[in-house]
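What follows is a group of structures, each given as structure tokens.
You will see two complexes here that share subunit A, one where it goes with subunit B and one where it goes with subunit C.
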Partner chain A sequence: MFDTVIHDVYYLSFAMILVLVLGGGIIAVTSKSLIYCFFGLVGSLLGVAGLYYNLGSPLVAVMQIMIYIGAVCVAIAFGVSLTRKSEDEGVNPPDIKAAIPIVLVTAMLGSTLKGLQGRHIVASAHKIDESRIGWMLLKEYLLPFEIISILLTVAVLGAVTIALINRRIG
Partner chain B sequence: MEFLATLPNNLLLYVVVAHALFAIGLYGMLFRRTLIGFLISLELLLQGVGINIMAFGTYLVPDPMQARITTLFIIGIAAAEAAVFLGIAVAVFRNYQTIGVDELSKLKG
Partner chain C sequence: MNISLLSVVGYLVAIAALVGLNAVILVWLERKVAGHMQFRLGPMEVGPHGILQTLADGIKLVSKQLVIPDEADKPLFLLAPIVSLVPIFAAMVPLPFSETVQAWELNIGLLLIIALGLLNTLGILLAGWGSNNKYALLGGARAVAQILAYKIPLLICVMTIIMMTGSFSLRDIAIAQKDTWNVLYQPILFIVYIITVTLETNRSPFDFSEAESELVAGFHTEYSGMGFSLFFLAEYSYMFIAAGLATVLFLGGWHGPWLPGVAWTLIKIYSIIFLMMWFRWTFPRVRIDQMLSFGWKILLPLSLINFIITAGVLAL
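Take a look at the complex of A and B:
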């Protein structure tokens, strides 16, 4: 009895994560106001963190929440409030260009599923030990790790520099 | 019902969701009118890529840690890219008083 309740809650929460990912994404690209877009993006990123957790990786889920929602989304909120001008906002009405993502992604998905036929699943998401990740980051992947830290420093300093240039053009 | 019960641990579901998110982001790239809207769509595209890498790395690769590390690097690089993009958007707004991509046509012939 108790077991089935736990299972129902698990499947219900998984369905909610899927709704959050796709619904948040659709709100983020179709709503008129950039503020609604921003909140749709936050919902979508939270849902993606839930998907990472379901894939057996709490570490990446926490990193996703900390970096995306804690840093990138706050930066986007500042960007929205610093550059707000409501007559520019909104989306262009859908026309023939809307076929591009549909056709492209359908082709990608079809070829992916075709390539997946015959591959057998070697692992399950529920039996993964993540404790090796720190060793791997500091041994095999030390150089990319350090390069990313330098890249982040340079990018943030460059962004501040670009934003501080106050030269009028034209 | 048996199929539904295994769905949260099924590779196909993650692949389909990742592709759907990629399509949504691509639609946003084509139809949004402002630079900030472009940035939001770009984040969605990167999320689709991240889910794909995590799903394939978890289910098809013998060592799942490589996918974790790749996804962490993608998250870091996306943070750097968002910082630069927002700096550029603020600078463009200072100079042109707009970030609408249709008005930013000074370099057009």
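Take a look at the complex of A and C:
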């Protein structure tokens, strides 16, 4: 009996995650208040973490929380708290231009789904050992991994340089 | 996944009870510690040595009306205490109390706790923004500003321990310290860890987002009744989790002579909490810029150097 309950709980959690991802996304795109956009984004990314967990990869889920909420969203919150735009002004409401990415993304997702239609997809039931990911990053894919870290270093240095130039002018 | 629903429900109830009981005990303990450190007695009226004082306060807080300011952003204002409390239930799951008492042995338990600790800051930011009060907003902005300054040294601390043990599982880390506790190998790291978690749990001398003497009550200025007490429940639970993590990472988890494992875990956890309370009532609050430069210029290089030396020693 518990098995069926767990099965139901699984579907229930999937539905809740779906609401969180889509609802958060819609809030993030349509809200006029910057802070609502921010928390919509947080909700959406949290939902994606839940999705990863439901797919059987807690490591990816935790990394999603750490990187996207802990690092990216905190950086955005930094940005929000530094903006001077007054609250009443808000951000520009979405206009007709905003429809272009929506159409493009919908077309892309639609074509992907169309391509997958009729194919039998089997989720990999066997668990992937997390330590293998570490080995692959530091052995087989060491060079791309290091190039990405160089890219990030360059980005950080660039940001510091831009900040310094602005400070000198100001 | 073959977890029976009963055990899930059982552990959830146990964790909820632990969160509540822990907060009741810690609020009383904090007032007692504060009292005795200032040559007072602290609460004495309700029950023997005032032990039921928190219960009385709790009943009062529950029965109070929840006041929402007119100008507040209502949904965000109501969401904030929930956002800071809910992650705790998940963060308590991988914490081992003894070799057998653990809600769920998760091989990435340590990462989970660290990741969920980040959500507390979002709760504070939500409260700060939702209250529509300048003190609250300043408190929220400070919480975001300080997160990077302490999170990176904290993560490097944790990385060093993971490197020494070779596992993200809290259980494995505790088992690896059966003979020698990590604190003997890594005393500097232990100090860095205690400082960073004092920052993470918003405890004085680093309680910038509350800072009574500067910001009235910081992010929870506008909260009353249960809103206020949920924040406090969250704060004391985060203290418990941070001290639990310190116990597992540095103080050998449940290992100790004579007493059973759970008793040792609780003794160690509450000793660290006592240490954090001791900090609060003896150190004056530092300024936020002092803390930020301390975080970036001292804690970060210190933990990095320690990390590199540990890596070198392990490689030899």
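Things worth noting here:
Everything that follows uses one rule, which is that the second predicted complex is superposed on the first by the 128 of 170 C-alpha atoms of A that agree within 3 Å, B and C clash if a C-alpha of one lies under 4 Å from a C-alpha of the other, contacts with A are read in each partner's own complex, and residues count from 1 in each chain.
Please note the rule applied: a contact is a pair of C-beta atoms (placed from the backbone, for glycine too) under 8 Å apart; a residue touches a chain by one contact, two chains touch by 3 or more.
Keep in mind that this is a model prediction, so the values were computed, not measured.
Applying the stated contact rule after C-alpha superposition, one finds that A:19 touches neither subunit B nor subunit C. Touched residues of subunit A were counted for both subunit B and subunit C, and B has more of them.
When the two structures are aligned on the shared chain, A:78 is found in touch with subunit B and with subunit C.
In the superposition on chain A, contact is made by A:59 with both subunit B and subunit C. In the superposed model, A:116 lies in contact with subunit B only, and not with subunit C. Once chain A of one complex is fitted onto chain A of the other, the partner contacts of A:42 are limited to subunit C, with no touch recorded for subunit B. Contacts of A:99 after superposition on the shared chain: neither subunit B nor subunit C is touched.
Once chain A of one complex is fitted onto chain A of the other, the partner contacts of A:165 are limited to subunit B, with no touch recorded for subunit C. Touch criterion met: A:130 reaches subunit B and subunit C at once.
In the superposition on chain A, A:68 contacts subunit B only, with no contact to subunit C. When both complexes are aligned on chain A by C-alpha atoms, subunit A residues 59, 63, 78, 130 touch subunit B in the first and subunit C in the second. Residues 1, 3-6, 73, 76, 106-108, 111-112, 114-116, 118-119, 121-122, 125-126, 129, 140-141, 144-145, 147-148, 151, 168 of subunit C are the ones touching subunit A in the complex. Against subunit C, in their complex, subunit A makes its touches with residues 2, 5-6, 9, 35-36, 39, 42, 58-59, 62-63, 65-66, 69-70, 73-74, 77-78, 81, 130. Residues of subunit B touching subunit A in their complex: 4-5, 7-9, 11-12, 14-17, 19-28, 30-37, 39-41, 43-44, 47, 50-51, 54-55, 58-62, 64-65, 68-69, 71-73, 75-84, 86-91, 93-100, 103, 106. If you check the complex, the residues on subunit A that touch subunit B are 10-11, 14, 18, 21-22, 25-26, 28-29, 34, 37-38, 41, 44-45, 48, 51-52, 54-57, 59-60, 63-64, 67-68, 71-72, 75-76, 78-80, 82-83, 85, 88-92, 94, 97-98, 100-102, 104-105, 108-109, 112-113, 116, 119, 121-126, 128, 130, 132-133, 136-137, 141, 144, 148, 151-152, 155-156, 158-163, 165-170.
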